[in-house]
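Both of the next two complexes hold chain A, though its partner changes from chain B to chain C.
Showing the complex of A and B:
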C-alpha cells in the first residue's frame, strides 16, 4: 500500500509516522508539502500530529486553508482514505471534513499519557482488525483534544455509527474519570458519514512497537492495510 | 566615564580601565555594549573559570569536550550523542512562562548547532515551597504561580517544537523562593564524523543569519543574568526574551537540511549577547576577524539603533558560515521554511570585529580583547561560619517518632511526592524513541531517526539528572561528589555503562568569599567523583548571583550543582526497570547495607524534625564501582533496581512497589542494629534495592560476596496491596493503596 503524509510547517509527528509506515508496516510512503496541490498515486493520506503553523489562531485552522488541505478535501470527496491524528484531527474538523470541533482541554493543561480506548465501531476501514468493545492502549498528547459538537450532530454521529473510539478505563468503562480532556461522551475518534475519513486524538504511531510499551496502534494501521 | 553608565553595562571601573588599555582608546557606546555583554559573568565565566579547570574532560569515547556549544560522546562505531545543560534561572523568576520556554529553546539550538538532531530534553527545577505561599511578605512572590508558569512554558516550547521532555527533577525549598532554578538539558544524535563546530574554515566566507527577525527583546539579558535580584528586577522584564517554538521547529529543519547538503561549514546559535556574542565567538574560534553589516539584519521593529541590533537576544536565530557559491542555495532553503535569512557579514584576516551600519563603522575591536582578554578573578574564599553549627549537629538527640506518620509525611513532601502533575504536561513520547518514560530513576531512549539525518543504532542512551543543594550546603566537597555519584548511579542501575556528564552550577553571589569557597570545594568534589567513576565533564554552565536582595537581608540559594549523567545500553530492551515485576520475588538491598545510617541533610530531617543540618559522610566511590559491575554482569537475574536516595530506603522500596499499572504488596523484615527511623530514611549510603527471583538468590549472594558488596534480603513482594513492615521493635501494617494515594496526590494538592 502507498501512504502519503502531509507536512505542514510545525508538523512534528510526520517523521514518526513515516518511520512506522516504512519500517514497522513495511509499506511505501512519501511526504506531501503543504504547498502541493495534487494528491495522486497513494492509497491513504495521513495528516500527522504536531503544532502546524504553531497552533496560531486555533489548532488546525491555518493548515485547513492550505493548497494541500484543499487537495485532501478533493481526494476525500473521490473516496480516498484519510486519517488525521491529533493535530491532523484538528485540521480535519477545521476543514469540515469531519463535524464538530476540538476545544482546549477542560483542565486547561496539556496532557500526555497512555490512554485506554474502547472500540465502538469495528466495521470501519480503520478498525476492521478490532472487535467492538475491545480496549486499546494508545498514547495521547494534546492541549486541545476536547471534542465538542451540537446535539443534532451528536445524534447523527450515533445513528450513523460514526463514533469509533471512546476514552475508557482499563476495563473498558466509559466514565468521566476516564475522560482525559472533557470530550463530549468521551469521544476520542470519529469517521465521516461515508466512512473514508477518520480523525482521532490518540497516536497509533506511538503504540506500534513492543519496546515502546504497546502495539495496539497497529490494530488501526493494519486495518487500513487490509481495507 | 560615568559610573552609572558602566554599572548599566555591568562593568566596574577597573574593568573599564582594562578595556581602555587593551584597545588603546576610550570605547564608544556600541563597543562598551559589546564589552558589557561579553565580559559579563554569564559569557566570560570570570569568577568560575579557574575552578572549572579541575574537571576531567577526556576519555576514549569523548569526541568533543567543553568549549563548543555542547560536548560529544561516541555511542557505537558510527553514531554519537551531543548534550549539554544550561540555566535560565533569572528570567524564570521575572517571567516564568517565557523565561523557562526560552531556556528550552536555547539549549535545543546549542545541540542543533553541533549538527545533531535534538531528540530529548530534561528539566531540573527548583522552587520555593508552595506551602509557604502567602507567608513571605511583599518582597518575594508566591511559588505556585511560578511553578505553573515554568512548567507550562517548558511544555509550550518542547511540545510544540517536537522534542520530548523525558525526565528531570523538581525540588522545593524556601531558599529558591526568590530565585528559582530552571536548568534545561538537551541531547541530540548525529553521525560521529559529521560534527559541526562554531567556526569558519576560510577567510572571506559569508556569515548568514537565519531564523526569526531581530527585535528589542532581551537586550542585555546576559548582564541581567549576572546580577543579583532586587526590587528593581521587575523593571528588567523587557530583558526577558520571548520564545516562538514554531520558528524554532523550522529552524531545526532548515539547519539540518543545509548541514546534510553540506552547504555550510560552521554553525553557531545566537545566545547571550546576541549578534555581538555569536560573531565575535565565531571569529575567535576560527582565529579570524569578522566584518558585520548591521543594516542587513532583518528587523521586526522600526528605528532600532546599531547598539540594539548588536545586543538584541531575540530568539530562534542561527549564524552559518557559508562559502560564496552556496549562499544562494542556503537563502533559498531558509525561504522554503519561511525563515528570514540574510548575509550579514564575512570572515576577514584582521582578527578584528568590525561592525558597520549604513557605511559607517560603529565598532572596531580586536576579537582577542572581547573574548580572550576578559578579566579572570581569583576571588577571595573563606570557609562559611554556619558550618561550625551544622557540623556539630548530632542525630542522637532527635526525638523518637511514630514511623507510620513519618513515612506519610516524607511521601507527601512535594520534593518526594510523585511528579506526575509536572510530566503529564510534557509530551514525552514524540519522536517514538522513549523506552523508559518519566517516573523512573533514569530515562531510556532509542537512538533512531528517519529523516535528516537517518540514524539507526541498535543501542540506547540512558539519562538521569540529579542535583542537591542541601548536601552541597552542608558540605560542598562531599556534596559535590555525591551529586555526581548519584546521577551516575541512576544510570548504572538500569544496567547501562555511564559515559560522561554535563553540569550546571547554580550558585549565589561570587563576591561573597563564603560562596566562592563553596564553589571551589564543590567543583573539587565533583571532579574527584568524575575521575573515579570515569565519567568526564563534556559540557556545562555556571549560573552565579542567584541571590535575592531584600531591604534587610540577602538570601543566597544553596550552592546547587545539577548533574546530568548519560550512559549507553547495548539494547533498549535490556534496561532494568525501577519497578517491581512479580509477586513472590525477593526484595534485596545491595551495597553498604550494614553501614551505620545517618539522616543528616535528609528529607526526613527537614519534613519531620524541621531541621536542615548535619555533616555529610564521604560517598564510597569504590563501592559504587563494585555495585555498577555487579548490576551490569548480573543484569539478566535482576528484575528491578532502584537506588536509595531522596526519602531514604523506605521511599525507594515503596516507589518500586507503585508500578505503572498495579500496586504490589510488601512483606518486609529489616534486620538492623540501628534506630528504625535512621535505617529507613538515610539517604547517604551507596545502596540499591533490587528484586529477584528466589531461585537466583544463592547465585546473586555469591556474586555479591565475591565483589565484597553487602547483600541483605529484606522482604518479599506480595499480591495483597498491604505493607507489612518489621524493623527493630517496630511493626507496621498499612494499606499500600493509601500510601500510593498520598505519594501520588500530594503535589497536585499543593499546586492546584
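Showing the complex of A and C:
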C-alpha cells in the first residue's frame, strides 16, 4: 500500500508514523506538505499527532483550513481512506470530516500514559484485525482529548456503529474511572458514517514495536493493510 | 475598522479553565463567585466599509474559522475609525 502523511507546521509524530509504516509494516510512504493541493496515487492518508499551528485558536482549526486538508476532504469524499491520530483527529473534526469536537481534558491536565481501549466495532477498515470486545493497550498523550458531541449526534454514532474505540480498564470495563479525559461515553475513536475516515486520540504508531512496550497499535495499522 | 470578537464556551460545555479560576477566586475570599467562563478575545482590523457589511463579514469569519459553534458562542462589536 502507498501511505501519505500530512505534515503541518507543528506536526511532531510525522516521523514516528513514517518509520512504522516503512520499517515495521514495510509499505511505501511519503510526506505531504500542508501547502500541497492534490493527493494522488495514495491508498491511505494519515494525519499525524502533534501541535499543528501551535494549537492556536483551537487544536486542529488552522490546519483544517489549509490547501492539503481541502485535498484530504476531496480525497475522503471520493472514498479515500483517512486516519487522524490525536491532533489528526482534532483536524478531522474541525474540517467536519468527523462529527463532534475535542475539548480540553476535564481535569485540565496533559495526560500521557499507556491506556486500555475496548474495540466496539470490529468490522471497520481500521479494526478488521481485531475482535469486538478486545482490549488494546495503546498510549495516549494529549491535553484536548475530551470528545464532545450533541445528543442527536451521539445517538447517530451509536445507531451507525461509528463508535470504534472506548477507554476502558485492563479487563475491558468501560467506566468513569477508566476515562482519562472526560470524553462522552468514554469515546476514544470514531469513524464517519461511510466508514472511510477514522479519528482516534490514542497513538497506534507508539505501540508498534516490542521495545515500546506494546504492539497493539499494529492491530489497527495492519487492519488498514488488509482492507 | 475594527471587529471585536468575544468568544466563550457554550452553556453546558465543560470549561476546566473557568472552573479552576472560580475555585481560585473562592479560595481568595470571593465567596460570592457562582461561575466563571474563560473565553477568547480577538481583534480583526479590516478596511473601512459600512457597519452592515462589516457585521456580515464578521459572522462569516466566525462561522468559517474563528468560532466552533458546537462548543462556543460569541458576540461581536464593530468599531469605526480604527
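The criterion applied here is as follows: the second predicted complex is superposed on the first by the 227 of 227 C-alpha atoms of A that agree within 3 Å, B and C clash if a C-alpha of one lies under 4 Å from a C-alpha of the other, contacts with A are read in each partner's own complex, and residues count from 1 in each chain.
The criterion applied here is as follows: a contact is a pair of C-beta atoms (placed from the backbone, for glycine too) under 8 Å apart; a residue touches a chain by one contact, two chains touch by 3 or more.
Given the structure is predicted, the values throughout are model-derived calculations rather than measurements.
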Looking at the overlay, does A:150 come into contact with chain B only (first), chain C only (second), both, or neither? second
Could you say whether A:12 touches chain B, chain C, both of them, or neither, answering first, second, both or neither? first
Regarding the shared-chain residue A:139, is it in contact with chain B (first), chain C (second), both, or neither? first
Which of chain B and chain C A:126 touches, first, second, both or neither: neither
Does the superposition put A:105 against chain B (first), chain C (second), both, or neither? second
Between chain B (first) and chain C (second), which, if any, makes contact with A:203: first, second, both or neither? first
Taking the superposition on A as described, I'd like to know which of chain B and chain C A:219 touches: first, second, both or neither. neither
Look at the residues of chain A and decide whether chain B or chain C touches more of them. B
Name the residues of chain A shared by its contacts with chain B and its contacts with chain C. none
Which of the residues in chain A come into contact with chain B in the complex? 9-10, 12-13, 15-16, 18-20, 22-23, 49-51, 53-56, 109-113, 139, 141, 143, 170, 203, 205-206, 208-209, 211-213
Write out the stretch or stretches of chain B touching chain A in their complex. 152, 155, 159-162, 244-246, 249-250, 337-338, 423-432, 434-435, 437, 446, 448-451, 572-573, 661
Chain C contact footprint on chain A (complex, rising order): 57-58, 61-62, 65, 94, 100-101, 103-108, 146, 148-150, 182
Spell out the part of chain C that touches chain A in their complex, as residue ranges. 13-14, 16-17, 19-20, 40, 64-66, 68, 70-71
